[in-house]
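First chain written, first letter: the chains are A, B, C and D, and each begins at residue 1.
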Amino acid sequence: MEALYGSHWILTLLLAIPLVGAVACVAGGEGRARWTALLTTLLVLALSLPLFWTFRIGTAEFQNAVSLPWIERWGIRYAIGMDGISLLMILLTTVIMPISIAGSFSYIKTKERAFYASMLVLMTGMLGVFVALDLFLFYVFWEIMLIPMYLIIGIWGGKRRIYSAVKFFLFTAAGSLLMLVAIVVLVYLHQQQTGVSSFVYADLIQTSIAPGLQLLLFAAFGLAFAIKVPLFPFHTWLPDAHVEAPTAGSVILAGILLKMGVYGFLRFAMPLFPVAATSLPVIGTIVLLGLVGIIYAAWVAAVQPDAKKLIAYTSVAHLGFVMVGLFALNSQGVSGAILQMVNHGISTGALFLLVGMIYERRHTRLIADFGGLAKVMPFFAFALTVVALSSIGLPGTNGFVGEFLILVGAFQRYPLVAVLATTGVVFAAAYMLPMVQRIILNPLTQEENRELDDLNARERWILWPLLALILLIGVFPQPFLDRMSASVDGLIENVQTRRLPSQASRGPDLGANELRLAPTGERAIPEPDPDGGVGP
Amino acid sequence: MNEAFQPILPGLILGLPLLGAVLNGIGAFAWRDSKTIPSLVGPLTVLAAFAIGVANLLAMRAVMPHEPALVPLWTWMRSGELDISVMLMFDQLSLLMTLVVTGVGGIIHVYSVGYMRDDPGYSRYFAYLNLFIFFMLILVLSANYPLMFVGWEGVGLCSYLLIGFWYENREYSDAGKKAFIVNRIGDFGFLVAMFLLFSTFGTLDMPAIFREAPERLLADGALVTAITLFLFLGCVGKSAQIPLYVWLPDAMAGPTPVSALIHAATMVTAGVYLVARSGVLFALAPVSQAVVASVGAATALLAATIALQQFDIKKVLAYSTISQLGYMFVAVGIGAYTAGIFHLMTHAFFKALLFLGAGAVIHAVHDAWAATGAHGDPNDMRNHGGLRRLMPVTGTTMWIGTLAIAGVIPFAGFFSKDEIIWQAGVRGYAVLWALALVVALLTAGYMTRLMVMTFHGENRSGEGAGSHLHEVGAVMWMPLAILAALSVVGGWVQIPDALPLPHVDLLHSWLEPVFEPALLVAAGVAGQHGEASHTAPLGGGEALWAALSTTLAVIVILLVYRGLAARRYRPAAEAAEPTGFRAVLYHKWYVDELYDRLVVRPLLALWRGCWRIVDDRIIDGTVNGLAGVARLAGWTGSQLQSGRVATYLLVFMIGALIILGSLAF
Amino acid sequence: MNAGYLADLALVLSAVLFAIGVGGVLVRRNAIIVFMCVELMLNAVNLSLVTFSRLHGIDGQIIVFFVISVAAAEAAVGLALILAIFRHYETVDLEAFRRLRW
Amino acid sequence: MTDFLFFLFSAMAVLSAIFMVMQSNPVASVLYLVVTFFSLSGLFVILDAHFIAAVQVIVYAGAIMVLFLFVIMLLNLGSAEVGDLRRGLSQLLAGSVAVALVAVFARLFLVETDPAVPEASALDPLLEAQGAVAAVAEPLFTRYLVAFEVTSVLLLVAVVGAVVLARRRAP
């Protein structure tokens, strides 16, 4: 146990198992694919959960890190590792995946092998994005996950699936190509300064870049991530993709994929280009867009007739909160943003699952086709209520902790924006409660709804972990905050100190191939254990 | 005196109701048909919490600490400077509130056993009710603002769930939704106030804030005024004051015990509690205090006028509640915190009593109609009448409640209301004082109207209903009796010196340690005003005005009784619509309609516009336009793909010629 | 005639034949004739190769040998294709084969 | 004599190629092409490629062109299809391209004459020593052995492919 979790290999193992599972899915029979996939994801979950406890709190260094040469000629390495931020994202992924696979059992009826294999490949891609510490590797993972998602929407989606899949693909690909250009420019600059070609994060972060160019590169990275987040006005692919995607696709899309945009900002765009990330025009633009997203998406969500589309718009609003918190660039804001990413993954994922469950029963997503379901589906009503309350940030649920931290952080930085963002809390009630009411409350008028069965055991077991997490994070968020705090502080310090011109230019002597986000300043960070040993 | 006070079983006070909620919640799925378990679990957990509260009260009386006892449980969230613990705070005020909540709550739980007897959602009901008690206790016992906010929104949630308890009625679930959303507007203010507090103090713990506020905040400054006004916005939502009071009358959709507990006795008074709790801050902000008191007085008057022309018995009581809450805000607004809390307490007794009595009436009419097969609105007083003989206990206890709320000596309401009026007077708020007096008379008027229409005159419940109408069971009238007793004696904890009665000073001395800092600050801020006068704005001492107000109240009661007892009302189905000014009052000054036209509809139109025009046309239009450009370019290019090999070869050859030619020449 | 002069003439001849082949592909619509024009172009290239072989060594002829064998294979497959297409379209007119055009 | 034969074969090759292109009857086209191939074979002999000349006659003029003839007859394309020959602009374009090609190639070939080119054939000594066949066979089975063997596979594939393609589909 200790040998595994102290080792370099645990993360690689997490990346490899889904791929093996995918092969097994394709090789096995049509009926066995679902079980193969479920077992694979459960295995990954079981392997990843102990990371939460073996993770060493209080250090911003990357743990369980590996750095092996891959394409030596260009300095591309297989460099992976995790800090507190990645840890939460990894766990979010490994928790959501088995749930969304179990949630597909009755939804996916055709081409099961291909579906579950796509899901598993997607899982590798997502995990890879969260652990990659080499920009080339990151880009590869970033693109890998695009394809299975495209297939999942395009093959197993609803009526307009082709349109949505293409829209999803084009939006995302357009952004990521710009990012590729920026990566190449960055590597070129690094090579000019040091004479060594390297794609490794720890090297590139040392590159000094003129402020003007930083702005351009940040814009290129930022556009890729902003589309993924999605930041207003790049959000219109999201409702379409969500509406057409199968339940599992929506769950993963909302639960994990959207987090990659924010993660990209956190891990790459901000530390690599600190001057740009802290410049007024950039912060102003992003925060304003986030704010507009919060309010605008809430407004639009309030008038949606389609439940899935409504939830999709709430994602835009929630991610708007996350972006506002992130660019507050203080401890509360960033921690809240990260926690809110986890929260959003849980509660929005659960919402999509719930809508998927009634969709399977009634084959409609229109809110108006329901009503009074609490009478025939009491457990469903209970779960929907809890999840909806979490989504609107009721204190005691996870949603509140994230939103509160974000808003407290943002208020110290830009009070007016924070106050306006707080109105989003009001609007959240104004879109979520009417939906809840029109689905589970009100008289049961439609005859078709009278015969609906309540959730079966499988569906309940899918939901219980999410419901438990909603309350757990709502009441005891501190263990989660503890794990990210050192990384968050490291990030903030890194960005804040390196934007100063005197420290912006670093000599190549610091460009050692060292796998840690070297925190500057006086903070005493314990020297990393070279073997990445088990926690204190 | 300075011994530390150790709270007895603090976790259990909160834990028991929560346990009850969980058990009943499981019961709502697992043993849906069992009435026994919820009937036991529901009331007993709350009463046990009450017992622990009493034990704490006795312990605290022995010590009488000047500092609140803090019970840290666990770290909730800590990030950077922000450090919020789940921490309970026991002082005289929170303990008093705990007793009111668990005491009145326990009584109402018992009453509910009878009232909800035949409801299919019995277990679910008690789950919500217990959960409400839990959140209400968090609200009053929390030692920091965020934790208080947990209770604040938690009670809102329970209110939402209980208003829409009979969710199959669209109006009822609409009412629940309205309550939640309107409350959220207030919560927005609470949140912003917390952000301001945190950026000022670097902490959200109440003891620390109150300790440092006089030094950190400039008295009468913009910052403290902003903080307190935002806090008050939260109170306006939760305690149903102008302009956010509109949800409370609709909230009567819930079961009547819920109206009694949540929408009269406890939750809606949370705003008063918050202002009193944050007295130090409000004392630093005279402008905010003026706003609080003015809004309170205006609300008291507006709601009282509306109550005059309502026919739904619960609506009358709801507007009465809003009006009485206005009184409480007048009290805390002018800095008479003890008076506000005093009225809060007595109001909890008599308003709970009145609601439960109304519930008994509704229950009886409902049952009678179920027997005769008649249909109609059992809440409508035009369908009642003459129930005094049929339901003697209910009638008698409700008269006690009426006398209490009308401020007739020696009932509880007299002492608390009189103190508010008197405090307004001596502190020089002449307008508020006058308004408070007028509203007191209006109160006597609409309450007497309610009693007369319900219990006097002829019975209008329809053919044959009379023989089926009878007194409710003991499980329901016993709570009425207890509350009636409290409505009588509840005011005797604080009898002013000036009256020719034995002087009692339990409440003031009890709450003094809590409000002392606020009063000191207020004295400092208002230093130039000097001592308060000892006469009312029109002259005369406290005894005179007390006698005058109680006499006037009695006169009003008698006049209204004489005026209405002879009047022959028609049952609701046959009654004509009110006309003239009565119609304006009957339609509640058309405020709901106004909000609908000015706020709800324009917002919905705006939102729809955002979706249909901005999203679908502008953003997607841009994207689709780009796609169109790309498609056009593609089409142009595809015209080269003629499918004719010869063309391809020609182009290829021309290209080859260009390359070779550039080499050759 | 010396070798250089002869080679020049042969190369020009190969260019002329190649150009005739190209022209043939451009003006004919009969798939078989176009195919024959392609064969002509191949032969023109063969002629160049043989000429160069005379100047530079035997390897050119080896290449021609391979070209001829590949041409034989190509002819077999190509004609089979034309046969198959003809069965479907009942014509060998290239203008008629537009299925893959979009 | 050699010069005369060279010009004769050249003229025959060019003329019959032109006729092949312009001839509307496919059968006649094939025959003109056969004439071209024979002429080329003669040119190969003049250019000291005796073995290739033989192969040219056997494979091209013999095998391939017979295959063409068979197909044309099998498809019954004896009479010209209407509009087989493009006219007008197409001919003009084709002519221009052809002329331009000749000009470009001629320029490339004639101007860039390598001064190191020997006066006589470089192959003469080799042919003297080994004879026409052995001179080709020796490198073919040594240096080019792999390519040779691969070619045999290619031919096999082509045969199989041709059979598969030309086979009538079962109804």
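In this section, a contact is a pair of C-beta atoms (placed from the backbone, for glycine too) under 8 Å apart; a residue touches a chain by one contact, two chains touch by 3 or more.
Just so it is clear, the model here is predicted, and its values are computed rather than measured.
In terms of C-beta pairs in contact, C-D outnumbers the other of C-D and A-B. Centrality by C-alpha centroid: the chain sitting nearest the overall protein C-alpha mean is A. For the pair subunit A and subunit D, the distance between mean C-alpha positions equals 65 Å.
If you average the Cα atoms of subunit C and of subunit D, the two centres end up 6 Å apart.
Subunit A and subunit B have Cα centroids separated by 39 Å.
Distance between chain centres (mean CA atoms), subunit A to subunit C: 59 Å. Residues of subunit C in contact with at least two other chains: 22, 26-27, 29. In subunit B, the residues that touch at least two other chains are 646, 650, 653.
Counting only pairs that meet the touch rule, the chains in contact are A-B, B-C, B-D, C-D.
Subunit C makes touch with subunit B in their complex at residues 22, 25-27, 29, 34, 94-95, 97-98, 100-102.
If you check the complex, the residues on subunit D that touch subunit C are 2-3, 6, 10, 13-14, 17-18, 20-21, 26, 29-30, 33, 36-37, 40, 43-44, 46-49, 51-52, 55-56, 59-60, 63-64, 67-68, 71-72, 74-75, 77, 81, 83-86, 90-91, 93-95, 97-99, 101-102, 105-106, 109-110, 113, 117-123, 126, 135-136, 139-140, 144, 147, 151, 154-155, 157-159, 161-166, 168. Residue ranges of subunit B in contact with subunit C, taken from their complex: 638, 641-646, 649-650, 653. Against subunit D, in their complex, subunit C makes its touches with residues 1-4, 6-24, 26-30, 32-33, 35-37, 39-40, 43, 46-47, 50-51, 53-59, 61-62, 64-66, 68-77, 79-84, 86-87, 91-93.
Subunit A makes touch with subunit B in their complex at residues 167, 170-171, 233, 235-236, 296, 299-300, 302-304, 330-332, 335-336, 372, 374-375, 378-379, 382, 385, 389, 394-396, 400-401, 404-405, 407-409, 411-412, 415, 418-419, 422-423, 425-426, 428-430, 433-434, 437, 440-444, 475-478, 481, 485, 488.
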